[in-house]
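Next up: some structures, all given as structure tokens.
Paired with chain B in one complex and with chain C in the other, chain A is shared by the two complexes that follow.
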Partner chain A sequence: MATKRPPFWQREKYTPFLLLLPAILTLLFVVLLPLLFSLYTSFTGYRLIRPESLWQWVGFRNYQRIFADGDFWTAFGRTIIFLTIALNLEFLFGLGIALLINKITWGQRTLRTIMMFPMMFSPILVGYQFKFVFNDNIGILNNALQSLGLSDGAIPWLVDKYLANFSIIFAEVWMSTSVFAILLLAGLFAMPRDPLEAAKVDGCNPWQVFRHITLPFLMPFVFIAMTIRSLDVARAYDIVDVMTGGGPAGRTELLWTLIARTGYDNARMGQANAMAYVSILLSIAFTYYFFTKLLAARKYMGGAE
Partner chain B sequence: MMNGKLRKQIGAIATWVLTFILMVIICVPGLWVVLTAFRPNGEVLAKPPVWIPENPSLNNFAKIFGFGADQVAIPVPAYFANSLIIALTSTAIALLIGMSGGYAFARYRFRFKNGLFLGLMLSRTVPGIALSLPIFMIWSRIGLIDAKLGLIIVYVALNVPFTIWLIDGFFRQIPKEMSEAAQVDGCTRWQAFWKIEFPLAKSGIASAGIFAFLTSWNEYALASNLTRSTDSKTLPVGLMDFTAQFTIDWAGMSAMAVIIIIPALILTFLVQKHLIAGLTFGGVKG
Partner chain C sequence: MTKMTFKRLLTATALTSIAATAAIAEEVDYGKFDGYTLRVKLIGGAQYEPLYARIAEWEAMTGATVDVLSRKNHFELDREIKQDIAAGTLDWCVGSNHTSFAPQYGSIYIDLNGVIADATLAEFQSLALENSTVDGRLVQLPRHSDISNLYYIKSLFEDADNQAKFEAEYGYALTPPETWDQVKDQAMFFADAPTFYGTQFVGKDEAITGRFYELLIANGGALFDDDWNPTFNSAAGVEAVNFFKDLYEAQAVPAGSLNYLWDDTGLGFASGTVALNLDWAGWASFFNDPENSKIAGDIGLVRAPKGSAGIRTGWSGSHSFSITETCDNQDAAASFVTFLTSHESQMVEATAGLLPTRAAVWDDAKAQFTADGNDFLVEVFETYAVSMSEDAFTPPLITPWIEVSNEIWPQLQAAILGEKTPQEALDEAADAARIVMEDAGYL
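Presenting the complex of A and B:
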């Protein structure tokens, strides 16, 4: 009498879940399960050289140990400072570049393409390139400074405490500023002309126009860029690993290089996993923060439409 | 009057000077690596520096690809093949998974939709090096360490969230009514997808694919810990082989850097337009 109900996989209600099943399964097996395993490991005294230590439950000892460890906090603090400086500089330079290119009419397409250049580089190449540029003996920077007579000695860019940190931030900013520049430029292109002209008619000066019209309009784009960037801040690991390896003597050690050293070089997997969890929470906090900002900005844009 | 005109001119000059400095900072480091790839190693070390290569040659490339008398001990052709196989396979799989998932997000309403989307994106925030630890432990137990398959699986998972995000955006730009009309005319939803939506979103999907390819091609943090030998080492990991030696072969390393960058360069040029559109659309219009 009634038509037979179709089997559940043919019901409309379940279709989206079936479509998403491969994605969910992949991430379950490659991300979620490993992360649960590493959470477990962070409570054990697991060392790679002693496989049976995987079952040695030590409670919070790894966490107690890293939180009492000066090296860990130095690396942690340096990572926070590194990210704060790098992201702010990337935003400022990106905004500057976008405004600059937006102003130029002749050759704009070419400039835009050149500006995307650093995005094509793998972080490992950016690291190599700046290892080469900042090399004290044969680097182009010291060569140029010496040829111009600005310096007579070899400046130890990658050895001195401050210079080495400057160098890795420079490399990071070089690599990622274009993400901001491109998205902000897209924002500038999408901007309606009317409010700008109305403001000019009303006698606003260029700074006021920028501050009260352009910048608020660009904010959602800033947060998209920030969200995208916070997804891959850990790419800095690649750069630092090539340029300095966290050295010399831990002067450029970031959380991520410290994890690699603890886990692989010292084979203390339990402790490394505890640190890894701190780094994961850090990344999630960054992403979450910018994502909520993005949602708020988006709502604001929706209201304006 | 005069004052305003002068100010405008100064402004224009300042714009060009700034643009020039910017371009120098962006281009010179890369250009220096490219130039070095064509120099003999002696010229790299020369004091005073040789700015323009005096006798440019392809020797460094011949060397790292194993031609000629003085080849290096680093098996670049094998790394190149590994990189290509791993990146292509993982991209193809990620695209299939991403198309299916992106379609679900673009065309259906369902429970937990926002939560699922957020969960997918959050999985991407896990730093590669942090994820590499448990994967290393598990893979070494099931024999996936130093295997191409091991890396392919990881890269698929790495690429799926972003692929879904991009493809979701591209599908949403296609009006729903088009495929509904096709269904009224007697197509099944499956046919409507292949006849209407897929052709329209094709270029967007292609750019998502290129993006996934580049992620895999450039990845280092995971690859450096999950690979050991020529069986699975990729180019970025192979680049570090050079630094393990006592003296760094800057010329050879630069040649290898050029080899890594060329495919990335070409592919990025192809997708730049779609990439920007995809990112902003997916992000702003939600």
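Presenting the complex of A and C:
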């Protein structure tokens, strides 16, 4: 007796898709649709305060303006430099902290918790904290320098071209070094003891052990941390906005302070979205680069590709 | 029962000493809105909060409840309102507004003419109502006004040694300045960086655009011509930029000025490290309060000085309340904003130094300060009354004002820091402003 074929959604080979459907739908509505919508608006003259302008198709005009806009490319370049410096510093400090904490046998848990304090603050609070620290007139840093006799002038920390960028990077590094430290510490905990002991038996000095065993083992963790942080830093906004607002004269302007001003203060959401789409390329490039390095590092360690 | 004349309101709050002559013409029925919840978005901040303590009174009187959806500074509130417009979520009734911001919002707020009783509107200063009008529609009810005058440390000017040295160096007597050129001389004379500064200015956002704008007018310039072509890159504009640039280069202002906003300059003057300070009336009580200020009791005040065209600077605006078109109970909303701008409410705000928009409150507040023996606030109100009536002017009440401002201030900073000459910077800003005006349909 021939059994009736079940409808296609009950067939076994479709079951996985059926089970995944809620996830797929969620992704579609929460991620893909907003992305497509903002992509669409980047081709319109959409202004927040005039909802009807959503239908004003302007083709590539927003993109043409951006590509001809020196301020945008300066902010783009500055974001890359900012990202490179901040990530490298965070990596070096994070590695140092992780190695030191890994050596401790007593009170390690407490230290690990303390180490994560900066991450617990909202970036806006961190911004205000360092805005006060670096204030030229009433800030504690200048007052300390003057009291110690190290400086007799008011150093314009948040105005000078180099110092202003330094101050913001300092705040960023202060807040987020622990991301690196915690991920690298996890790497150190997961590290097998055998190669280390073998190396010691073979007479390697501590530097050689670190250089040829510990560091290569940690590199996949480093690149994961780098990927996460590069996405964070490429979106840096709160700290910069509070400390300098991207100024003075655009000296600390990063992509997202520019985009936020264009989109909200100037209400030109279409143009802001075009900027955001160009800047996403930056994030994709960094993510791709770090993933390539991650795969290479895993391969080097004999891990799966 | 809810019909309350002003006389009864005044009696209820022991302000009987204030003559209620002006109030007789105005009878306000605040209405009954039992069980209704009025949703509002208000500006927050130390200066603005004392008024909100009165909201409970309105609730008790009308039976309505007020749900304050947000209480943020104006720049954040502005973003939130723009998001509401974009998302179509204007599901609230009353919002704080400001003369500088109002033109951006198009027609989301109703025309209050005919909604607020004529007798009530007649109590407001006509200039304040005029500045609250956009395209012939009264889109906001002014709550209090703002204009700046020049505060200075009195003892510095009274010091005989200072007077002799200044006269020897500059060839005229050291008296509180009448012109901005004198301000520059005196600021450079008093400055001794990094411990003491001659003056200071706010250095970013619409704040410095506003300061540039008023000096431009005072020097005989204009932001736009009659056809909305940008004209601020004129000789008067360059002269205005040079005022800031010269002070900055001479270290007569703090090195971080370009990052300062109102709080920084206010706290800076209160710290006693600045000789001259152009500031809003709202700071007066703070400056003269020994708890907060090192110069309490040693503050002089003169009208804002004149620019090279003999005009006084007088950038002005009003904080206000607006009612949305989408409001589901405009009567309740009208009752609420009328209450928050009533004679009694404005007396509460005047005590903090905020400038009333009702003509009668000026006199009544002054009478109250005199009765309290607060000579400083009497002087403040007298000085600000003159500048409000003779010197006040608003920025152009056009939709793209904030956007134009965002093109101007980074260029001002670049000129002050010496990255560009003032002429180059203003030319670039004017070109960018032209594009903004073209996009907005003005050109």
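What we mean here is this: the second predicted complex is superposed on the first by the 242 of 305 C-alpha atoms of A that agree within 3 Å, B and C clash if a C-alpha of one lies under 4 Å from a C-alpha of the other, contacts with A are read in each partner's own complex, and residues count from 1 in each chain.
Here is the rule we go by: a contact is a pair of C-beta atoms (placed from the backbone, for glycine too) under 8 Å apart; a residue touches a chain by one contact, two chains touch by 3 or more.
It should be emphasised that the depicted structure is a prediction, and the values quoted were computed from it without experimental measurement.
*Asks:* Taking the superposition as given, does A:Thr244 touch the first partner, chain B, the second, chain C, both, or neither?
*Replies:* Second partner only.
*Asks:* Of the two partner chains, chain B (first) and chain C (second), which one does A:Met226 touch, if any: first, second, both, or neither?
*Replies:* A:Met226 contacts neither chain B nor chain C.
*Asks:* Can A:Val173 be said to touch chain B (first), chain C (second), both, or neither?
*Replies:* Touch partners of A:Val173: none, neither chain B nor chain C.
*Asks:* A:Ile49 in the overlay: touching chain B, chain C, both, or neither? Say first, second, both or neither.
*Replies:* second
*Asks:* Looking at A:Ala154, would you say it contacts chain B, chain C, both, or neither? Reply first, second, both or neither.
*Replies:* second
*Asks:* Between chain B (first) and chain C (second), which does A:Ile138 come into contact with in this model arrangement: first, second, both, or neither?
*Replies:* both
*Asks:* With both complexes overlaid on chain A, does A:Leu218 touch chain B (first), chain C (second), both or neither?
*Replies:* neither
*Asks:* Thinking of the overlay built on chain A, is A:Tyr264 touched by chain B (first), by chain C (second), by both, or by neither?
*Replies:* A:Tyr264: touches chain B and chain C.
*Asks:* Using the touch definition from the top, say if A:Thr41 reaches chain B (first), chain C (second), both or neither.
*Replies:* Once the two structures are laid over each other on A, A:Thr41 reaches chain B alone.
*Asks:* Which partner, chain B or chain C, is in contact with more residues of chain A?
*Replies:* The partner making contact with more of chain A's residues is B.
*Asks:* By the touch definition above, which chain A residues appear in both interfaces, chain B in one complex and chain C in the other?
*Replies:* Touching chain B and chain C on chain A: residues 137-138, 146, 264, 269.
*Asks:* Show me the residue ranges of chain C that touch chain A in the complex, using the header's touch definition.
*Replies:* 75, 78-79, 82-83, 85-86, 88, 104-106, 193-194, 197, 203-205, 254-259, 264, 267-268, 271, 273, 399, 402-403, 406, 410-411, 413-414, 416-417, 419, 439
*Asks:* Using the touch definition from the top, list the residues of chain B that touch chain A in their complex.
*Replies:* 15, 18-19, 22-23, 25-30, 32-33, 36, 44-45, 48-49, 96-98, 100-101, 103-105, 108, 110, 113, 116, 118-131, 133-138, 153-154, 156-157, 160-161, 164, 214, 217-221, 224-225, 236, 239-240, 243, 250, 253-254, 257, 260-261, 264-265, 268-269, 272, 276, 279-280, 283-284, 286
*Asks:* Looking at the complex, which residues from chain A come into contact with chain B?
*Replies:* 13, 15-17, 19-20, 22-24, 26-27, 29-35, 37-38, 41, 46, 97, 100-101, 103-104, 111, 113-125, 128-130, 132-133, 137-138, 140, 143, 146-147, 174, 182-183, 186-187, 190, 220-221, 224, 227-228, 230-231, 233-235, 237-238, 241-242, 256, 259-260, 263-264, 269, 272-273, 276-277, 279-280, 283-284, 286-287, 291, 294, 298, 301
*Asks:* Touching residues of chain A toward chain C in the complex: what are they?
*Replies:* 45, 48-51, 135-138, 142, 146, 152-159, 244-245, 247-250, 261, 264-269
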